[in-house]
Amino acid sequence: MEFVSPEGLRLDGRRPMEMRQIRAEIGAVSKADGSAVFEMGNTKVIAAVYGPRELQNRSQQISSQALVRCEYSMANFSTGDRMRKSKGDRRSTEISLVIRQTMEACILTHLMPRSQIDIYVQVLQADGGTRSACINAATLALADAGIPMCDLVTSCSAGYLNTTPLLDLNYVEDSAGGPDVTLGILPKLDKVTLLQMDSKLPIDILENVMQLAIEGCKAIAKYIREVLLENTKQLEYRRGV
Amino acid sequence: MEKIKKRMGLPNASEDLSSEMEVDAFRRLFPLRYFERHLAESIRPDGRPLMKARETSIFLGAVASANGSALVKIGSTTMLTAIKMEVMTPSLESPDEGCIAIDFHMPPICSPIVRPGRPAEASPVVSKQLSDTISSSKMIDLKELSLVSGKAAWMAYLDVYCLDADGALFDAALLSAVAALSHLQIPAVAMNDDGRIIIMSDEEGQKQEPVNKEKRKLTLKSILFSLTCILHKNYILVDPTSEEESIMETHVTIVLDTSGQLISFYKPGGSVLAYTAAIQDCVAISRQRVQELKSILENSAMEVE
Amino acid sequence: MAGKGGTTPATYSPSPATAKKKPPHLKEDWLRPDGRGFHQCRPAFFRTGAVNAASGSAYAEFGNTKVIVSVFGPRESKKAMLYNDTGRLNCNVSLTTFATPVRGQGLDHKEYTAMLHKALEGAIIVESFPKTTVDVFALVLESSGSDLPVIISCASLALADAGIMMYDLVASVSVSCLSKNLVIDPILEEENCQDGSLMIACMPSRYEITQLTVTGEWSTPKINEGMQLCLDACAKLAKIMRLCLKEAASDSQE
Amino acid sequence: MIRIGSLEAIIPWNTFRCFFLNSLNFPFPTKRPCRSFQLWSRLPARITQSLLLHSHLGENGINRLRDTKSNSILALPLLLISLIICECCRLTQLLVSLSHEPRFPSPAVHPLSRLWSGSLPSHDPSLPRLILGSKVVFFPRLTLISLQGMVSLSLEEKHFIKGGIAQDLRCDGRKRLTCRPIYVETEVIPQANGSARVRMGATDVISSVKAELGKPSSSHPDRGKVFINIDCSSTAEPAFEGRGGEELSAELSISLQRCLLGGKSGAGAGIDLSSLVITEGKLCWDLYIDGLVVSSDGNLLDALGAAIKAALSNTGIPRVQVAAGASSDEQPEVDISDEEFLQFDTSGVPVIVTLTKVGKHYIVDATSEEESQMSAAVSISVNRQGHICGITKRGGAGLDPSIILDMISVAKHVSEQLMNKLDSEIASAEAEEES
Amino acid sequence: MEINRPDGRTPNQLRPLACSRSVLHRAHGSASWAQGETKVLAAVYGPKAGTKKNENPEKASIEVIWKPKTGQIGKAERESEMILKKTLESICIRTIYPNTTTSIIVQVVHDDGALLPCAINAACAALVDAGIPLKHLAVAVCCSVTDSGGIILDPTKHEEENMKAFAYLVFPNAIVTVLPERSLQVSGESIAHGIITSVTQGAMSVDDYLHCLDRGRAASARLSEFLRKNIEPKPTSEASKAG
């Protein structure tokens, strides 16, 4: 199947290095301590953060740092075919773990010992790149909740199809079976916190693809920063400062 | 049977009433010694002699909507069995054999230790024992369950529900399963044009020839009965209650059929070893019990008719 | 599984050859399949103390609907809970595999479980057993219409048998709406072609409704009529239940 | 001790609280953070602290406590907590200096006292703030979900809620029978055949309708099938994590089925099931209605009912051509049109009105705090003709039959307003979508 | 009565036995036991503190986890677990470490008949390897009754399927027991003659069963000898670990 046309356009009309439109909104769940909606094209996720708060299960208490937990779930209607999925299938357990580890790496957990932070991500629509979208949404929600973090993690995926590196794969491109690199970085510190890849890819091309993903992450980081600043301004305005 | 003592009277009623509380406390605190004191007198706390089984009753046809059913009570242990016949396509290896699926359930109502959501430890074990015993005894000829060779055969779902668990679960379960099998009435069926089996109704019985004209009841080649005994020191206690089972842990279950064959001698561990003499004693008691159960089953079948 | 090992083949239960008839109630002068009047309940049979292993139990039989309920407790709560000065009521309803016309899986019935809990919680004095749990487990031996009302009535009797403090017995009755007629205590055949149903669980002596569900389209006067019908039947049912308890008590005294 | 990071590392109340209590190893007096602080959790730390200390320990803080009994109800726990914080972080000095900064409008008239006396200025009650002059004052809203998944309120708060309802002035300024404003958005899930999002205050639900080809059941060959399934997302409440939301989900699904699908014979269903049939006995549409609770603040059933109604009116089902000449026992071949869609007639879909009984009175559209105080709740689904399409009761307390009949007549009245409001919202949402 | 066995064994001949101890390094004790093609691996962990809810806390409790070669754990596995648990409980001195749990994990490596006896032997060897105090050893043997009434020992899977009936028998082995001498005789029979566990399947006459017992007892002596030889303390360092 041809994923990049001779004119250099992808199936949805993007150029190889073009990202889908991203949109973020802070405060979608008013009862949560922090929440955000993040959209990448047709992929839409909601993240809500509760905490830091008292531990639910005393036995899990860590005396030196906060316990970070994450649950990923997909709405029944999120995929093209309606499917009835129970919570906690293998795929969602794995993604929960990935998100948890990525977020834990940037939260200053040692500042909040003996407490717990819950991150809940709910996928409303899945069209490729749910992992990245979830991480971006979780970052925003954590910032909204005011959890101290060393940097804003952002994530983006990139792939390699028809000998072209492609940024931000959608579902069709993702399911083509080609390599799919999901990357999470701390943009200010310039560090990689998450790198996942399936299928195989020559090592020299991996560098190109990764570079592309890093660019994508940075672009998202820029956008997220803007959204946060705008949100803070709004709050200050409402305070009448 | 020198060991079978004559039935003794109830524990002395003239015992000092003021010590009644103490007896109860003694029973709870030192259950084993409490029992041993009784055993020394050749009597059990519920007034039975060691070798006497509890009162047993069988009621056939307890579930109206099932093809065969039976309600069995041994003491307060209650079992309800129902058989529902469904049609299946037989497997290629045995095109003219039907199938029996036996399952034993312990719903939460039967005992305080069963909680909803997780099955009791005993239920898969009894379930396996039941299906092993019934299938290995060759009591039922699976060929009788065939309808149209290679096309359709009966699948008999036999479900045993324990309604009240008070010891000797396997005995009661087997008895109720056997009673339900003896009560089983196979409906007259015919095959329609689509190759599906349909029930013949009385009004249009003439239209089609039933495919199972003769096979309306299972012939049970032999009938199985079982007896559980507790071995404790040199004593043999027949048909234990759940309290006795929990205190004395060596249980022996013997299954005999009406022709006197030994179908199962089941002794899962236990601290008391079974020697030849004890084995022979147990078999002899079981033989008596088989006769007893056989007449109870026959009587209940007569009552139904 | 006995017989041949391996995968269990798909089975079906053979259906009668006769074609489906039109629901009978569409005719002008239909009678109920079991010959009862529209406002006549099935004869109710109750017995307490059906299960020796339980703290309290009851067996109920309404026609072919047969239910056993066991009550355990008050006993230690299974879940580690925060301190609570009231008790907890835990319910569970399950069906035998042969209860329904089509062989089921014998699973827990979540809907009935939730409804039973709601119907009973208002009647039990939970303050009388702080920090502990009372378990009410029901098993439907045979299902033949109006299952839930039978379970609820039977459960309240089992609770009384177990000596759990209650404000009043809970009696429950349902009515089905079949075109223009209201039919009380419907059997399975009637339930399968009903246009609507109304179920009430109430404490007759206190004249309070603890649970009420309505399905289907009802006009206000019809709801009034249906509720009145149920409430009257509940009062009668409670009398039978009381009688059963009295008999059990006098038996035990003897 | 306090590390205030970059702008991203805002330290709001919750974090703040953890710092201090942990540094002191001090057991927090209540199991949950006090609700008023929640308000400021979105603000930078500097402002949070100043506001917190100023508004409750400032000139009027202590006075109020002494002056009017009513205000002390809320002021007391706040004061206590503030004092603890002052104590632990030794911010007393800061407190003094901050309290003189004229940042906050004169709190002479505390919004709460206004509420209490019933002279609340009319405004959108769902918003958590009041506008007094040019400045913004935060309205002390009663939020906060307890950690155990149940709203655990202090005794004073319970009295406050109940008292408000008794006086026909609820915490957010509504009357007993006033609903929160309802916002409808349609076409939120493009992959579905129809979808809608409904918000009522902080309750936020999404409903989607997907149609799949299926085979009618043998007992009703002339009808399609409808499945309703509700999911409670853990984003709405941490207690829904894992299998925690299943019980509520099942309850909501069953209640909605009861309210929307009518009796077993199909009479009284909100959706005309016979319109879903393509070939009798062979082919029909199966409608899968999925609901998702994204954020919960009470009255989920009504919101889900409204969302399903909106989603159904937004649903287009492709027109299907059945290839003629298919033999009787085979599945007929079908041709699903990409362009032509059939719209549903949703005028028959009922709306659900839940009347929650708190104390002696009952209210509509309860928030989760109010629901925590309920003794019983009756959900009544009413269609346009004013007929009852289903009733579900929740809560254990018994109700007198006459009260239930009374509730039914009230529900009928309320449902009319709700139905009209919903219809106009759906119409405007669809108009917006088209433009 | 001459019975021809496919593998040319005489009726009383067992298949070649193999046993090795301490095959797993992380387990507290382990053993593998093979009878011909049938092979089972057992590992022992414990005793660790605490017992399960329904167990008697005044005694040490034993937990058996049966891992089938393939497939999921079903009723048959649950039954095996229960038989193994009760059998092992009866040979352990359970009063020494009250309120503890010893876990025995039994992994079926290959099933070629007489699986349960093989598992019991493996578990027993593993218990010795872990140094769990035992009253005596247990040896398990499978006897099958042929249609003609003959008895063969240790059948293969193929033989098991074609037999009329078979019995799994577990006997104690107490040659070097610490119990006083007179207790070795119970009502005129040697303690090694009592059965700990018996599981039978298929119909047989009572006499057949008693014959099985006799043949089983004879075979159990051979098995015990083999078991003892294999679990005898090796060099002293090994012994101190086991003891």
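Think of it as A, B, C, D and E in the order they're written, each chain with its own count starting at 1.
Following the convention adopted for this analysis, a contact is a pair of C-beta atoms (placed from the backbone, for glycine too) under 8 Å apart; a residue touches a chain by one contact, two chains touch by 3 or more.
Protein identities per chain, from UniProt: A = Exosome complex component RRP41 homolog; B = Ribosomal RNA-processing protein 43; D = Ribosomal RNA-processing protein 42; E = Exosome complex exonuclease RRP46 homolog.
These figures come from a predicted structure and were not determined experimentally.
Chemist: Upon omission of subunit C, how do the remaining chains partition into touching groups?
Modeler: A, D | B, E
Chemist: If you walk touching chains, what's the least steps from subunit C to subunit D?
Modeler: Minimum number of steps from subunit C to subunit D: 1.
Chemist: Quick check on this structure: which chain has its C-alpha centroid closest to the centroid of all protein C-alpha atoms?
Modeler: When every chain is reduced to its C-alpha mean, the one closest to the whole-protein mean is C.
Chemist: Which chain has its C-alpha centroid at the greatest distance from the C-alpha centroid of subunit A?
Modeler: B
Chemist: Of the chain pairs A-D and B-E, which one is connected by the greater count of C-beta contacts?
Modeler: So, comparing the two chain pairs, more contacts are at A-D.
Chemist: I'd like the Å distance between the centres of subunit B and subunit C, where a centre is the mean of that chain's Cα atoms.
Modeler: Each chain reduced to its C-alpha mean, subunit B and subunit C end up 30 Å apart.
Chemist: Using mean CA coordinates as chain centres, what's the subunit B-subunit D distance in Å?
Modeler: Here the centre of subunit D sits 55 Å away from the centre of subunit B.
Chemist: Distance-wise, how many Å sit between the C-alpha centres of subunit A and subunit C, to the nearest whole number?
Modeler: Going by mean C-alpha positions, subunit A sits 50 Å from subunit C.
Chemist: Provide the list of subunit B residues touching at least two other chains, using ranges where the numbers run on.
Modeler: Those would be 132.
Chemist: In subunit E, which residues are in touch with two or more of the other chains?
Modeler: Expected reply: no residues.
Chemist: Residues of subunit A that touch two or more other chains: which are they?
Modeler: none
Chemist: Using the touch rule from the top of the page, what pairs of chains touch, sorted by label?
Modeler: Every pair of chains meeting the touch criterion: A-D, B-C, B-E, C-D.
Chemist: Give every residue of subunit D touching subunit A within the complex, in rising order.
Modeler: Listed in rising order, the residues are 3, 5, 7-12, 14-15, 18-19, 22, 28, 31, 33, 41-45, 47, 51, 103, 129, 134-136, 143, 145, 147, 188-192, 195, 202, 204, 206, 208, 210, 212, 229, 231, 233-238, 241-243, 288, 290, 292, 294-297.
Chemist: For the complex, give me every residue of subunit D touching subunit C.
Modeler: Of all residues in subunit D, those touching subunit C are 148, 219, 247, 250-251, 254, 258, 261-265, 267-268, 376, 378, 383, 387-401, 404-405, 408-409, 412.
Chemist: In their complex, what parts of subunit C are in touch with subunit B?
Modeler: Within the complex, subunit C contacts subunit B at residues 1-4, 6, 8-18, 50-54, 57, 64, 68-70, 72, 75, 78, 92, 94, 96-98, 101, 103, 106, 108, 135, 137-139, 141-142, 144.
Chemist: Which stretch or stretches of subunit A touch subunit D in the complex?
Modeler: Residue list for subunit A touching subunit D: 27-33, 35, 42, 46-48, 50-54, 56, 66, 71, 73, 75-80, 82, 84, 87-88, 108, 111-115, 118, 120-122, 124-125, 143-152, 228-229, 232, 235-236, 238-241.
Chemist: Can you list the residues on subunit B that touch subunit C in the complex?
Modeler: Residues in contact with subunit C: 63-66, 69, 76, 78, 80, 82, 84-91, 93-94, 97-103, 105, 107-112, 115-117, 131-132, 134-135, 142, 155, 157, 159, 161, 163-166, 187, 189-190, 192, 196-201, 203-204, 208, 242.
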